[in-house]
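Below, chain A partners chain B and then partners chain C, in two separate complexes.
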Partner chain A sequence: MSIALALSPLLAVGLGALLLMLVEAIGTKAGPVPGTFRDVRGLAVGAASTLFAGGAFAGCVWMYGVERIPGAASLAPWLILDPFTLFFDVLLCLGGAIAALLAGGYMPEHGLERGEFYALILFTTFGAMVLAAAGDALTLFLGLETMSIGAYAMTAFRRASARSAEGALKYFLLGSFAAAILLYGFALLYGATGHTDLAGIGSAARQAAGRSPLFILGAAFVLVGIVFKVSAVPFHAWTPDAYEGAPTPATAYMAVAVKAGAFAMLLRVLTLSLGSPAWTSWASGWPPVMATLALLTMTYANLVAGRQESVKRMLAYSSIAHAGYVLVGVTAMMRDPKQAVAGVLYYLVAYGVSTGGAFGALILCGSRGREAVSYEDIAGLGKRNPAVALAFSLFLVSLAGIPPMAGFFGKWLVFRAAIDAGLYKLTALAFLNSVVGAYYYLRVLVYMYMREPAAGAVTAAPMRSGFVVTALVVSAVLVLALGLTPTSYIDAAMSAAGVGASG
Partner chain B sequence: MESPETPVFSHEDRASWQARLAVIAVVAALAALAARMSHEAVPVLGAVLIAALVPRQHGWTVRVPLAAMAGLLALFVVRMWPDVAEVADATATSPEGGHILSWMIALPILGALAVLVLPRQAEGAQRGLTLVVMLTTLGMSLKLLSVSMGRGFHFDENVAWIPRFGIHYHVAVDGISLWLLILTTVITPIATYASFGSIHARIKEWCFSLLVLQCGMLGSFVAMDLFLFYVFWELMLIPMYVMIGVWGGSSRIKSAIKFFLYTMFGSVLMLGAILYLAYDYARVSGGPPSFDYFELQRVLLPLHVQGWLWAGFTLAFVIKVPMFPLHTWLPDAHTEAPTAGSVILAAVMLKMGTYGYLRFSMGLFPEMSAAWAPNLAGVAVLGGIIYGALCAWKQDDAKRLIAYSSVAHLGYVMLGLFALTAASIEGSVIQMVNHGVSTGMLFLLFGVIYDRRHTRQLNDFGGLARPMPVYAALFVVATLASIGVPGTNGFVGEFMIITGTFASNMLGHFNGVQATGAAIGVILGAIYMLMVVQKMFFGPVSEKNAKQHDLTARELLSVAPLAMLIFIIGLFPNVFLSQIKGAAARVKDDFDSRIENNPPPMFYEGPTKLMPRRPEAPQPATAAAAPH
Partner chain C sequence: MSTSLIYFWACAATAVLGGLSVVVAKNPIRGAMGLLMLIVSVAGLFLPLHAQFLAAIQLIVYAGAIVVLFLFVIMLLGPSASTPVDRRGTFVRAASGGLFALAGGAFWVILARAVGTGGPAAPDPSFGGIDAVGSVLFTDALVPFELSSGLLMVAVVGAVAVARGRQGKRSMSESELEVARTSVPLPDPADKGTGVFSHEIDDRDAGGHAR
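Let's turn to the complex of A and B:
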């Protein structure tokens, strides 16, 4: 039973997903037009509460202390149950719950009310949670595929839209390639070391096997596969299309939860398998690779995001740029892993609630047939709907990294770790990048508050939905709490940062 | 009420005579009462009487507030007269409790939240609440005067905020920030009150922005923790950006974005430098990092590292001042901003740059500041004072002209800081206040005519002295202060800076040249400012201009206190300087002792080390792990 306790977050989400499918199949009533749609708003409540419950379970296990649960370590290396996993469980469940709440408002408004979406969110979250816990290449791959396939399906959920199909197809094809490369990489690593568990690969890497061509090639393939999921430049090409084509709750989900899951995978692999001194040194390891990726990702995404005409696409590029900032923190793991990982964890939470909130505010800006997508759509919103505009501004200001919002502390911790690791030039470039970033976030504010819609133009009419408002309130409270009273959250991130503790 | 063509014997006139008699009676009674109690009452009552009798066209609503202002200012001068103030020695401190500084920061934010909660239609309530909050803040800031500043820091509050990173909520005030704080609390209600005459759209957002802006400005001046300073520094940015972008002129969006990006660019580099400094401190001390100003002052860095950090800080401040060649955002921002925005921007926000340079660049990196002082002083004279004045001369747009005059005036302030003599630092600090008062007043006054004519072109005006005599008189007062005519405030600051520069030994062999250049700038200032007066007020009156009416009650009341301040600072500078003197001497001594120990040209090259704590620094917080 104690193992069940340790696994309770996973079990809650997994069983909840199964239950939700049953309820969807037999429990929902037919909608206003018989035989076409069903009234599935109850499922949104169900999905969100399942995910909140999963997060709550993770929190309880955290409070109790996972190391005090007998047998929790017995699942290692398949599933590593440590504070790192629990931290990600909470973050993923939070992201999933926000997405479910957003879907509860968005889907009926835009005529997409089908119950599968909620089951997909739950299963995808389940996959991401497995991914965060995985300490073995096999469970890691299982988790990755569970997560990815759900995300492909969610992207394609707007069947009537060509963009949705285009985005999903790109995502699916490139994602499958990346998964194959990742798998090939693990196969090579297995060939080089004889291990499939990440820690075993890592201990073998400390010996001679670590410098063999086979190992290096395998590690490179694995990193390419992971970095694809993180959507770092130059492996980002799918992101803008998939994010723009997907229904907005799915976009929010991908930007928050899928990205967080991918970073969990990256942190695990880098610390457990590639944590040896040779691999973490600047001369012979992955830090220069990560630094290059970080620089490319930040700079390219920030420059392109400023040129977008669609807010949704801008937010897609902004999520790429944020992946770049996180990669700065990942690079900083070369010197003091614990501090850098804590920074990355905090950043992911701060970025997650800000981005989730921003997509939610964007949902609230539009209504059926008039979805707010472009800058013109939100012109003058400050006058038409001041509350939404204010919330949107809050999230964007947080994303821009202006104190005292959550995003500022995220940047603070990550850049601090980078300075501590001696990455002065990279940090300076990251600082400059955040100025460029401020430009396009503020452009939204310009349109909302300082421009009026062109005469006679069709503007998006703000929608009303208790679900979306709930999601926004949750995100906004977290954005402010993380910014004003960061101490307890930083403490949590610090204690979760021992990635390799039980590996 | 403000009709210029009142018949000679109207009822209104008779009523105003009755009012005058009533005022005289009341005041005489009060005088008799007060003269028995204290000798202070005589000048105060004199001022009250004059202010109550002077305005010719206005009734009770103007006379009573004017009299109150004059009385309070006179009382202020009498009370703060140095001989009186010296008695209260700095060591025998009167109670400094009550968390005045925290309340001054918190009150605007609470007010902003309250404005947010008020219904959108209740514009009167929003306006009233904003003014009440700002006036209360002003009252609290005057309480700071109860302590003689001397060399040290006062009203110190130090509470752990994020103990893990050594981030504290640490606020304190010294002689340098004291007057800047009071300048802020004086200028914001004035600008706000004046703006209610011209801003009629989105009052709720307007009041909210103003209050948040005030909080950011006050916080920046008192923050003694670099992290806290950065938070407040950024907090100022968004409301000003919104104010320019929403309520500004025709190309407001471009100006707003330009303003934001320039400032943001500087501030992120400063953030990087702050981070590096804090963690270097941790490395040297072996303890947790610290963002405390007084702790970080102890860090002695090798010169090549100091150079980068100094550059990060200084760039942020120099952009904000702004100094040539980074000044180009200022004319655009000033031109497009609404009147109140221009006033606050010129009067207070530009001072963030000069204050920041004095407090942080010079306080934390004396060696590097000393090394660069001669070059930067040259930039301040040539690029700021001379070039700014020449640019101002060529402008046709009045707001642009005043903006360039700001570039020139802040060139003096920076020159005084670079020269680093006791006189020039004092002069710089008082000149920051002066520039706030006189340029704030110029922008306010120009806003008056802009609201009537909706043009900024100087050539559209002419002969305004005839229809608007009071306006013309006040404008000339502000002009003279801006030029620096003796008797006005501008003279005091410029004189001290120029004499201090002559005596300076920081500027290589060029101190004489630079002082001469600065003196030439005064002449140029007279040329371009008098050109404005001539173009606007004299010459033929066009038909449109002839129809303009003189100042309304609101306009007069918002300008009058600044006009009074111009003369008060100009005639009684010691009232102000006596508070600045100690802090300026402290800055100079700190600076000199560091330079003496690590003489140029190499200053210090070696491992980073920690110096002993300074006597004036407040005690470090004992409750480092305090729960709140």
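Let's turn to the complex of A and C:
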């Protein structure tokens, strides 16, 4: 029973997904015209409330103290139930709920109202939560695949669109390849150490086995598989196409929850398996690799994002750039893991609510057949629809890292951790990058408020949807709360990071 | 060279040949046969590792079910399934083949250096039997076993979602969307104040409620 209490976030989402499928199969009424789609708006409410409930369960277990629940540790090493896991549970459920609400508005608007999407969101979130909790290579892989397959299917959801199919196929092929590399890496690590649990691999890494060629090769393969999911340059090639082709709620979901799940996996592997002094030193470990990846990711994504003509694609590159900033925080784990992990956790929440809101605002900018895609589409939106433009601006300003929004404190914490770790050059370059990044976020604002659409040009017509507005309100409140009263959130991230680092 | 080593090299060489023929084959039937060859020889590789159950499952599920399914699909699609010969990107293909060979060579060297640096001891002969696998599956590894049901479920739901998408009568294709977008002209900026846009939205909303 107490195990059920400790697992309640996972169980809520998993059972909710099964229930939702039942409701979809027998509960929804057929449309008035034969052959048309059913009205599945109720499923959006169901999916969102299931995910909010999952997040609430995680919050309650957090308040009660997961260490006080007897039996919670008995699932280790398969599933590690600690504040780190619960923190990610809340974040993943929040991201999933925002995506479900966005889908509730977007899917009927664009003629995609099929109930499977909500079941996919729930199952994908379930996989991401398993991934965040995984303490063994086997559960980690199961969680990763559950999350990834759901994301592939969501990307391909708009089958009639060639762009969606192209993005999904690229994502699927490259993703399967990366998963195979990850699995091969774990097989080599098992060969080198005789362990599949991450902590066991870590304790073997402290001895001679940690420097054997087999172990190094295995660790490199595992890291390649993980940074693919994080979409760091040079493993990012799928990201712009998949993000652009996917229905926008799926894009928001991938940018928030899938990315957060991938970072949870990265943090776990780096702290538990590669946390030995030799592996965390600059001379012989992963920090220079992570620093190079961070630098490449930020610089490349920011330069390319500025050249995009499609706002959605720009936001896709922006999500790559933010992965680069987070990797700066990951590199800072070499010195003081607790502070760096706390910075990364806070950053992921701040980035998640901002980017989820930004995609939501982009959805609200367009309507059926007149989707907002390019900068020209949203020209003059500030006059045509001030409320939508204001919401969009709020999220973009937060993504740009301008105080007093959430994104500012995220960047501040991550950069401070990097400075404390002695990474001055990397921090300076990351700061320069965020200045470059501000250019393309503010460019959207310039188009919305200072440009007029060319005479006779086609512009996007804003849609009306209570679901999307709800999602935007939730994200906006969090963006402001994280920015104006960051203390309690930073404290939560600190207490989650403490246990995550010590394992 | 001992018998077990000869057996290993025979199986490994057949597996690599099978894998290569999957990649290279122009004819999809040949590709499927190459896959079959790969699967059978990998099942052969499982046997000296005391993974008899896994080898049997590999034959039943992959060779027996999945390759047969592939063949059915290829036969249903007919000759149109084969793509015309594409000569573009010959250089890129050659370069990627060279790079792959280089990486494989480096990998080989590293692995060769790693030989003899320990690793887990050889497993007990009963390690991969049905009873051993079964008892692990339902005791120690119960958590991942249960979690794998989530993986299977999401795969099924995802497959249905993607397959059903084609039938969407209401979903517009990309080109239709383009037409729809370009055929709706922006109202003249002069009569912006008359609420042409809100009128249009109301129309659409009304239509939405009607259906």
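Please note the rule applied: the second predicted complex is superposed on the first by the 497 of 503 C-alpha atoms of A that agree within 3 Å, B and C clash if a C-alpha of one lies under 4 Å from a C-alpha of the other, contacts with A are read in each partner's own complex, and residues count from 1 in each chain.
By definition in this document, a contact is a pair of C-beta atoms (placed from the backbone, for glycine too) under 8 Å apart; a residue touches a chain by one contact, two chains touch by 3 or more.
This structure is a prediction, so every number in the text was calculated from the model and none was measured.
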In the superposed arrangement, which partner chain does A:T487 touch: chain B (first), chain C (second), both, or neither? first
Per the overlay, which chain contacts more chain A residues, chain B or chain C? C
Look at A:V473 in the shared chain and tell me whether it touches chain B only, chain C only, both, or neither; answer first, second, both or neither. neither
Under the stated touch criterion, which partner chain does A:L138 make contact with: chain B (first), chain C (second), both, or neither? second
Thinking of the overlay built on chain A, is A:A438 touched by chain B (first), by chain C (second), by both, or by neither? first
Which partner does A:R451 reach: the first (chain B), the second (chain C), both, or neither? first
Which partner does A:I402 reach: the first (chain B), the second (chain C), both, or neither? first
First (chain B), second (chain C), both or neither: which does A:L429 touch? neither
So, A:G111: does it touch chain B (first), chain C (second), both, or neither? second
Using the superposition on A, tell me which residues of chain A are in contact with chain B and, in the other complex, with chain C. none
Contacts from chain A onto chain C in the complex sit at residues 14, 17-18, 21, 31-33, 35-37, 75, 78-79, 108, 110-112, 114, 116-117, 119-120, 123-124, 126-127, 130, 136, 138-139, 142-143, 145-146, 149-150, 152-154, 156-163, 168, 190-192, 194, 209, 212-214, 217, 367-371, 384, 452-453, 455-459, 461-464
For chain A, which residues are in contact with chain B within the complex? 382-383, 386, 397, 402-404, 408, 412, 415-416, 419-420, 424, 427-428, 431-432, 434-435, 438-439, 442-443, 445-446, 449-451, 486-487, 490-491, 494
So in the complex, the part of chain B that touches chain A is made up of which residues? 120, 162-165, 202, 205, 230-231, 234-235, 237-238, 241-242, 245-246, 252-253, 256-257, 260-261, 264-265, 268-269, 271-272, 275-276, 279
In the complex, the residues of chain C that touch chain A are 107, 110-111, 113-114, 117-120, 141, 143-144, 147-148, 150-151, 153-155, 157-162, 164-166, 168-174, 177, 180-182, 184-186, 188-189, 192, 197, 200-201, 204-205, 208, 211
